[in-house]
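As written, the chain order gives the labels A, B, C and D, with residue 1 at the start of each chain.
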Amino acid sequence: MQAAVAAYVQDGMSIALEGFTSFICFAAGHEIIRQRRRNLTLMRMTPDLLYDQMIAAGVASKLIFSYLGNPGVGSLYCIRRAVEKGIPRPLELEEYSHYGMVARYAAGAARLPFYPLRSYLGSDLPHVNPQIKIIDDPYGTGKIAVVPPLNPDLAILHAQRADAQGNTQLWGLLGMQKEVAFAAKRVIVVVEEIVDEAVIRADPNRTLIPGLIVDAVVHEPYGAHPSYVQGYYDRDNAAYLAWDKLSQEQANTEAWLDEWVYSVANHTEYLEKLGQARLVQLKPEPYLAPAVDYGRYR
Amino acid sequence: MSELAYSASEMMIVIAARKLKGARTVFVGVGLPNIACNLARYTVAPELELIYESGVYGARPERLPLSIGDPTLVSGALSVISMADLFGLYLQRGLVEVALLGGAQIDQYGNLNSTVIGDYQAPKTRLPGSGGACEIAINAQRTFMIMRLKKRAFVEKLDFLTSPGHLTGGNSRTQLGIPGGGPELVITDKAIFNFANPERQMQLVELYPGVSEEQVQAEIGWPIRHAATLSVTPAPSVEELRMIREELDPQALYR
Amino acid sequence: MQAAVAAYVQDGMSIALEGFTSFICFAAGHEIIRQRRRNLTLMRMTPDLLYDQMIAAGVASKLIFSYLGNPGVGSLYCIRRAVEKGIPRPLELEEYSHYGMVARYAAGAARLPFYPLRSYLGSDLPHVNPQIKIIDDPYGTGKIAVVPPLNPDLAILHAQRADAQGNTQLWGLLGMQKEVAFAAKRVIVVVEEIVDEAVIRADPNRTLIPGLIVDAVVHEPYGAHPSYVQGYYDRDNAAYLAWDKLSQEQANTEAWLDEWVYSVANHTEYLEKLGQARLVQLKPEPYLAPAVDYGRYR
Amino acid sequence: MSELAYSASEMMIVIAARKLKGARTVFVGVGLPNIACNLARYTVAPELELIYESGVYGARPERLPLSIGDPTLVSGALSVISMADLFGLYLQRGLVEVALLGGAQIDQYGNLNSTVIGDYQAPKTRLPGSGGACEIAINAQRTFMIMRLKKRAFVEKLDFLTSPGHLTGGNSRTQLGIPGGGPELVITDKAIFNFANPERQMQLVELYPGVSEEQVQAEIGWPIRHAATLSVTPAPSVEELRMIREELDPQALYR
């Protein structure tokens, strides 16, 4: 992870660490904080704790998003501090609805100059974001909103498994990961397990991201903690609740960053500090999908 | 159990559930609305399937979901798909019959603000933003708002219009080409409102037991309009309360 | 199948029996021929043998398509006879490229008034099909093609398995089946196996078509013969080669229709006539996808 | 095995394979192009992955596919996806490096007709139509045409322009905003052409062993242009022929 972030993350880049409420790659975000990158444009539909931490650490100057919240808990206080008070530095916002962000990624992924969607009519959002336009349907049925493509310089995406070439499979919430991967100029995939190519080839319908568009594969078990990975671990809700309290003060936030990010060398040390007992508690019982038969045709 | 031994949240859950009678699909968030939809499924809407913006259709969660993307919503669901497909093929296609929404501010036409309090560029309070609310409000066939009555929430003029309701009233919504039917009900902790008049203005239709019109008006920033007939909402039944307390939210997380 | 076709197929309707070179529901098409429906508008990206047979039988007055061919073999002679000579009746054509058809279905599936795609610039296709328009990108990057939505009155889609409510899973070539299902006003699903709802729920990422949009589920094993169903049977290539020969004459074609469609009461009789030995030959060896774990969270 | 003991099809397969040297992705149909791509994979382009319009990326077929949608392309592939994703995320995204195309007619700018012979509304021969060819011709980074030389195929004016090549030549393709690079090579059974001149006109660059310029001109409906230097294509090697005959097409389906 250290090498991948050092190789692919530079100051001033636009980066998407995506995954809707799950597969959130804290390991990568923390490494970016440790490497003290600056002036990043961060994009994410739901910034979540990870972007709250990164923005509190001062890595970002701009945020492109659609929902600011600690999911199921409350506010993201660090982002609010940056927006409302400029602490630790001012943060420019570029704001969409969820479907607007999905549509921007979809346009970027398919090299389309725009993507149409039934949203924004009557809303104030287009008034504060000139990227959202309302056009006339060329077939004469009325008004329709469009958004332009969004192509991050780099996407970092977490998943269950990939082969060494980056052919990546995931299951559970598919979110917008596929669209982000294809929209990004470069892609780092972070996985719970590296598997043999034969595992990928035995179920090709599950391959969401082909190695063709992947620049680096990082093996980082529990790399999405305290968010979750379907079938591997649950959300560590205590961490989400604790963040809600401690992040209300910048001083406490910085102390947390010192303890959990700057003072650990990497994610392995972070997990050691967390303790095996806590990780074991997050393990779900198995719930296996039944096998399907693709058939051999020769 | 006495007739009044229920909380405001329980009442809101019960009313939302009752109003979902016969519905086939509901677009839902976590917390109180999630409990309401499950209560409806066990009572008045046995065919009801829950749709979550995280990409889940037909969830059967084994616990109360902690967030809209809780893994318990995925395991055992009928279909789990990309958000592009969820928003495009379900919501925008018109397959969402009822959506439950809330916000920090609502006006008399059911328009919602969940973006900022104060000026957008220099906000007093930065709220979460739209999430999926803007397109949900536009595309759902019917929308129920669930919000506690508060003067700072029921305002004459929104600080920001995030999600369109009936806009400036009358047929202004349809004229703009918005496909979904718009706000139908506002379910609060004291009373129920609908928009069943030509001007599409929020109007008081039901008062909860023991609540006066004055108590309602005191929490609303404009002179309230009344429906032709004003009734009193039946209190939660023993069975409704039992299901909430024993089965749907045994840990009392949302009561 | 007889009941489903009788209930949902009326003269003059627009119907899509889709599935790209596989999952082609011959059982449904033959039943439509037997019930002597007329003036149908048929839509399919690759009309294949099935539409050649249906058009030779005179059920259709219009065809919306993107590629006319007997895949890997040659021409579709019945459709050519209808287009070139009006035999047995004239056939109106409305023609796209593959991506144009996919885009029309995608617009129809998502209630969009149009869908943009990078195709058609410089081609004569927009000159002969006014539904294809070239517009200016509202963001000023130049010209882009758009197509309008396509919403068939009825879609008939074949798949491996569904539950009794029509929650349908398929694997292998996903084609445009999802888009067609959501675009259609009504949907009939035809499957190799009806399974318990628990099977569907154990692998929700494979559910392509929800029961919510399905009007009827028909259990019809080998219903896609002589096309194929991934993991269940191979294409019966002898049938494709034989059709190439016999379909070159209308008389031979009609004799085939008499023998294999009109003279059998249903698909079960068709399979009996075909013989078990021929079906057994089409069975592939197993090639199982490895199980994945969704985890129980409670 | 003598130097000339190979068929025209084998020569076309060998040339197409050689020209794929170093390529990472190729968009391919069945038959001869499919064999060429697999030959390339075993020789000059070990990283080459095959992309099929049916939605398959990285196929490893255990037999020669009968059609573009043969199940043998699915089993063991790296990824199998919807056609919307194949056309949108791979082709339109610009991930297809080389596409192999053919048609019933080609003109001197590499424009293709696969739609009709004669008038569109009352065709003499109704051809298959575009399939994916129109968008492949528009979006692939480079396009190779594989067609046998025939006077009725190499025509001065197409009956119908299905898939754009260099249009009217020069920068007319770029001016229209077409993203892909357009036709680069025409591989025939007698000679090879490219478009490496400012006018983007098809020009003869290589003659196959034993073929004269007159034999080539005889099958082309316009006066052929010559590249500055004209060379003779090396014949297929023993190893190339062995691979085709013993491994890639042992049943001689496409020779």
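Structural remarks
Simple rule for what comes next: contacts are C-beta pairs under 8 Å (C-beta built on N, C-alpha and C of every residue); 3 or more make two chains touch, one makes a residue touch a chain.
What you are looking at is a predicted structure, and each value in this text was computed from that prediction instead of being measured.
One finds 28 Å separating the Cα centroids of chain A and chain B.
Mean C-alpha positions place chain B and chain C at a centre distance of 40 Å. In chain A, the residues that touch at least two other chains are 111-112, 117-118, 141-142, 144, 172, 174, 178, 202, 205, 230, 234, 284, 287, 294-297. Residue numbers of chain D whose C-beta contacts span two or more other chains: 56, 70-71, 74-76, 80-81, 88, 92, 139, 179.
Shown here, the protein chains touch in an arrangement that is not a line, ring, star or fully connected set. In this structure, the chains touch in the following pairs: A-B, A-C, A-D, B-C, C-D. Against chain B, the residues of chain C that register as touching in their complex are 109-112, 167, 178, 182, 197, 200-202, 204-205, 207, 210-213, 294-298.
Chain B meets chain C in the complex at residues 24-25, 49, 56-58, 60-63, 70-72, 74-81, 85, 88-89, 92-95, 139, 179.
By the touch criterion given at the top, residues 111-118, 133, 135, 137-139, 141-142, 144, 146, 148, 160, 171-172, 174, 199, 202-203, 205-206, 230-232, 234, 284-297 of chain A touch chain C in their complex.
Listed in rising order, the residues of chain A touching chain B in the complex are 20-22, 45-46, 65-69, 71-73, 75, 79-80, 83-84, 95-100, 102-103, 106, 117-125, 128, 141-144, 172-176, 178-179, 228, 230, 234-235, 237, 240, 284, 287. By the touch criterion given at the top, residues 30-31, 53-56, 65-71, 74-76, 80-84, 87-88, 91-92, 111, 115, 120-121, 123-135, 138-139, 160-164, 167, 173, 176-179 of chain B touch chain A in their complex.
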